[in-house]
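Both of the next two complexes hold chain A, though its partner changes from chain B to chain C.
And then the complex of A and B:
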């Protein structure tokens, strides 16, 4: 009974309701601007809300978080510039839709599916948090490594056209990700004695450059082409459409919750994996993937919002952050005199249900704000290129600078922008580069941990894999997905048929 | 636009008054926090500083400047004008930069305004570990060579210092060191069984100890901790530790050498009083930190002793990049 009261706290206190709404609204726009991340917004809020009570502070942060994860898809669809890494997969099919004048439909679908995904995430958090966090804890370094290998195999789905070019792009991403001071041994890698390279190459700067600046340069090829007129008759998707994609959304939401709940992986990986999943299970998409397939929007958007609820699972049950944002929120709880950890649910059960309530509220606000601003938002695409191009350029520069207040990041961003432009010109996909950067550390660190734990003995390493059901399943998945991408698979299938 | 105009106007106003530094602080003080938002350094600084502001009668605008194990922030403050308007809020890491080859500068270029508190290291194990005390762990390691997995966080971090201390006192330990990028991820791995033992700071483990998801083996201090009175100290396990302990990571507020005395005096008085604030002490207590609240020569001595102990432990463990002797860091006790 008291759980219900705590759950309803947000709904019954207008001030909290207002803060969640305000946070969600701000989050949608912060998330949409590349370079302004949810993590950054929440860190600023931590100092801003220092003197507040804990409920209002957390309400605002949760709103920003939920709204921000959703907001990243806006610019991905409209401008081909993901507002956040978790929206990279959304750009793959969202932008082609905008180019066909269907940006309104695309945003409508992503909003509803983000809402649905967010809701599944919260539901799992509320109903099964201890079980899921127990499962997440069982992931050993070798399992994270296998998960990263599974991720690397997504290169196949992310590269339309030449697989070889995709592999090159992915390998390049992994190389970028390994530049800098190795956090495990403090050995500089690929730094060429340049102090500037010690901290590594900022991944957000790479993303903004590769997507933003390369897009600008590419658009310069046809400055005079008039902008695509957007059809904005149909924004809220019909019930039939929703029903049709619901099974896919449900599946990818669960992928999102689990990946989100794992400490060390977050919405970005979840969204990419879900995109891959959608591509695998959709036999005959209405529109091919990469050209504006609805499934390509539904999957990553359900997954990245479901990952929000997922990230709270280890935070609430164990005091372990599920991602960068929840890591900061744990700090916020400390500041407000709570002790996040395994005892939080026992000492402060109210906090758990309050957070669940705030997440539900934020999710509803996200749906409302998401569906109301669309008409105005899609107009962005209709802005003449002569105005839009300099605007995107400016936004990219500000965004890259804002990440760390570092001018070096701006140079990186511009450099990778030019590089990305040439990559696109010659048909190299950009998705795998970002995938490589995201997975580089996960793969490298966990491989080293895994093999060090086994006294650097490969035999022990493999016997360890087969002694753990979890590792065995992951290894099987890796092998199956790998084989399914080789000519061998086609051969087997042809023989069967 | 309005803010720009306002900024320009205030800048003009400062230009006029900055000449006479009589009334410190006459403008906003910039506080540079070496670590990210929500981390322990951030929490400590953001909770103590509002009290210092009250005493100072001024504003301290805090900003997190992360990167290069805190060296970015340190260099920023060191390069700013030494006028008392740029303050460094940091942790212990810079005292190892030279030894670990991470940078050329450390706190010897700074005036310690206040060393607020220090953390207590604790050795924890998973709840099902077949050992419950320091002695049992040592016996287990001896019986099962090359099996126990210790979490570590890279050379120079707390775990590396504690394990170096253990190897110096107990001799070579035949265990596996599994590297993690921070004590948070390592303590997560401990709960998942990926590692068996982890040296951590008390505050990071206390909630798990309370919940029974981690088992405390030894407190690395000379006296028992009042938050865990039943846990024996490392010194009780082996007298040899008394050479190195008490040791622990610390938090401090610094200004660059050459800052006018007036500013140093005002800041020192402000932080000394702020560190006594009740809610700040309560926060330090729940997070398992031991208050120090020292400044001036006392703080300088602490820093020198800390550097000497740690740098030489790193050197003996073979982890140092530069020999502390070449850097002019005296051996402990010299």
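And then the complex of A and C:
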């Protein structure tokens, strides 16, 4: 009964309800505006909500988080610039749909499926938090390392281009993520005696450059092409459409919530894995993947919003952040005198149920704000390119600067933008670069933990993998994904056909 | 003699999204070989630098993952270079049209100018100047149209970042703090 009362706190207090609504509304637009990230917004929020009571502060942050994860899809669909890493997979089919003038349909389906995904994530958080966190506890460092490799290979496999270029891009991303002082031994890596490289390269600057600036430079080739008129006559998808894609949405929501619950892996990997899952199980899509397949929107959008609920599981039960935003939220809870971890569930169960209630509320607000105001929003793509291109460039510059108030980040962003431009011209995928940067730390730390625990013996490391069913499954998945991209595999399949 | 590429095929060459990253699998685009050489050389340089971190001291050394990744970069870059060098050139593209069209060069010059002027001039005048020149150059619309769009955009972006997100952009020659204070005093009734 007490849990129910705590769950209903948000619904019974108008001020909290308003803050969740305001946060979700802001989150949708923060996630959608290139250069503004949810992580940045939530971290800035901490600076002026730390004097507030804990409930209003958390209400606002949860709203921004839920809205932002969804909002990232808007620019992914309309401009091919994922507002957040979790929307990288959404751009694969969303942008081709917008290019065909179907942005309204794409946004409508994305919103409803994000709502379903978000709801499943919250349901699992509420029902199975202890069980899922218990499962995550069994993960060894080598499993995390294999998971990181799997994530990067998966994003490489999503590309229809060359496998070699995909691997190059992933490895390049990991190398960028390694720049700076090694956090374990404080040894400089790729710093070339330059003080500005010691702190590493900000991944947000890399992301804005690679996706924002490179896209702007390519758009300049077609500056005089008139913008595609978007068909936005129907935004709310039909019942038939929802019914048709619901099974896929449910499947990928569960993938999302499990991936989201694994510490360090958030909506980005969840979305990419779900996209890959959809690609494998959909035999005859109406439109091919990469050219505007509806399945390519349903899968990542259900998964990344489901991952939000999942990300709270290790945060609330173990004190380990599920992703960057929950890491900041742990900081916010600390500021408010709470200690996230196993004791939080025992000492402050009210906080757990309050967060679940706030997430449910934010999910409903996301549905409302997602299905309204789209007509105004899609007008963005109807603005002449000659006006839109300089504006996006300016937003990208300001966004890169805003992360650390640093002009150096702007230079990095421009540099990576130009590099991304050449990569795209010559068929190198950009997704693996970004995922490599994000997962670099996870991969590096866990490889070193794993190999130290095996006394620096590679033989023992591999034998350890085969003695653990979980590690064996992950290794097999890595090998399978790799082999399935090789020309040899394609040859075997062609012969079989 | 070069042929102007067909806009539709040119669009496909640039890729519609990350799932179709562009390029031409069977042909070599202008500048592609030079880019492949650059990547191979850069990968070799990075591998050398990764070796300098800790050499082959231990599998758990801080240089282990950097060495493995840069080695993977070098191997794949060399294989791509070998493949690219053997491919025939595209017959319908030139470096100036496919890679460096005038609009891209103009934007690059504007961006360099922006980066150089941002600190001394400040965010507001530099952004206004950048937007005005870029929109005028790209759209060819009237000075009034360009001026109105520039002004509205700069004020909108400034309000979002400076007021809502309290991001401090370089003030430069504009006395931003004083202006904000005047408005604060105005709303506080001069108190």
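Observations
We take it that the second predicted complex is superposed on the first by the 480 of 497 C-alpha atoms of A that agree within 3 Å, B and C clash if a C-alpha of one lies under 4 Å from a C-alpha of the other, contacts with A are read in each partner's own complex, and residues count from 1 in each chain.
Heads up, the rule we're going with is that a residue touches a chain if its C-beta (ideal position, glycine included) is under 8 Å from a C-beta of that chain, and two chains touch if they have at least 3 such contacts.
This structure is a prediction, so every number in the text was calculated from the model and none was measured.
In the overlay built on the shared chain, the residue A:162 is in contact with chain C alone; chain B does not reach it.
In the superposed pair of complexes, A:428 makes contact with chain C only, with no contact to chain B. In the superposition on chain A, contact is made by A:175 with chain C only, not with chain B.
Judged by the touch definition given at the top, the superposed model places A:93 against chain C, while chain B stays out of reach.
Which of chain B and chain C touches more residues of chain A: that partner is C.
In the overlay built on the shared chain, the residue A:184 is in contact with chain B and with chain C. In the superposed model, A:18 lies in contact with neither chain B nor chain C. Of the two partner chains, chain C is the only one that A:387 touches; chain B does not reach it. Residue contacts after overlaying the shared chain place A:452 against chain B and chain C alike. With both structures placed on the common chain, the touch criterion links A:329 to chain B but leaves chain C unconnected.
Comparing the two complexes, residues 44, 47, 184-185, 405, 448, 452 of chain A contact chain B in one case and chain C in the other.
By the touch criterion stated above, chain A contacts chain B in their complex at residues 42-44, 46-47, 50-51, 137-141, 181, 183-186, 198-199, 263-264, 314, 318-321, 327-332, 334-335, 337, 339-344, 346, 404-405, 445, 448-449, 452-453, 455.
Residue ranges of chain C in contact with chain A, taken from their complex: 7, 10-11, 13-25, 29, 31-32, 35-36, 39, 46, 49-50, 53-54, 58-60, 62-66, 69-70, 72-73, 76-77, 79-80, 83, 98-99, 101, 103-104, 107-108, 111, 114-115, 118-119, 123, 127, 130-131, 134-135, 138-141, 149, 153, 157, 160-161, 165-170.
Touching chain A in their complex are the following residues of chain B: 36-39, 42-43, 46-47, 50, 62, 64-68, 72, 100, 102, 146, 149, 154-156, 176-182, 184-185, 188-189, 191-195, 206-208, 210-211, 213, 282-283, 286-287.
On the chain A side of its complex with chain C, the touching residues are 33, 36, 40-41, 44, 47-48, 80, 88, 91-93, 95-96, 99, 158-162, 164-165, 167-168, 171-172, 174-175, 178, 182, 184-185, 187-190, 192, 216-218, 220-223, 225, 289-291, 384-387, 389-391, 393-395, 397-398, 401-402, 405, 407, 410-411, 414, 418, 421-431, 436, 440, 443-444, 447-448, 451-452, 456, 458.
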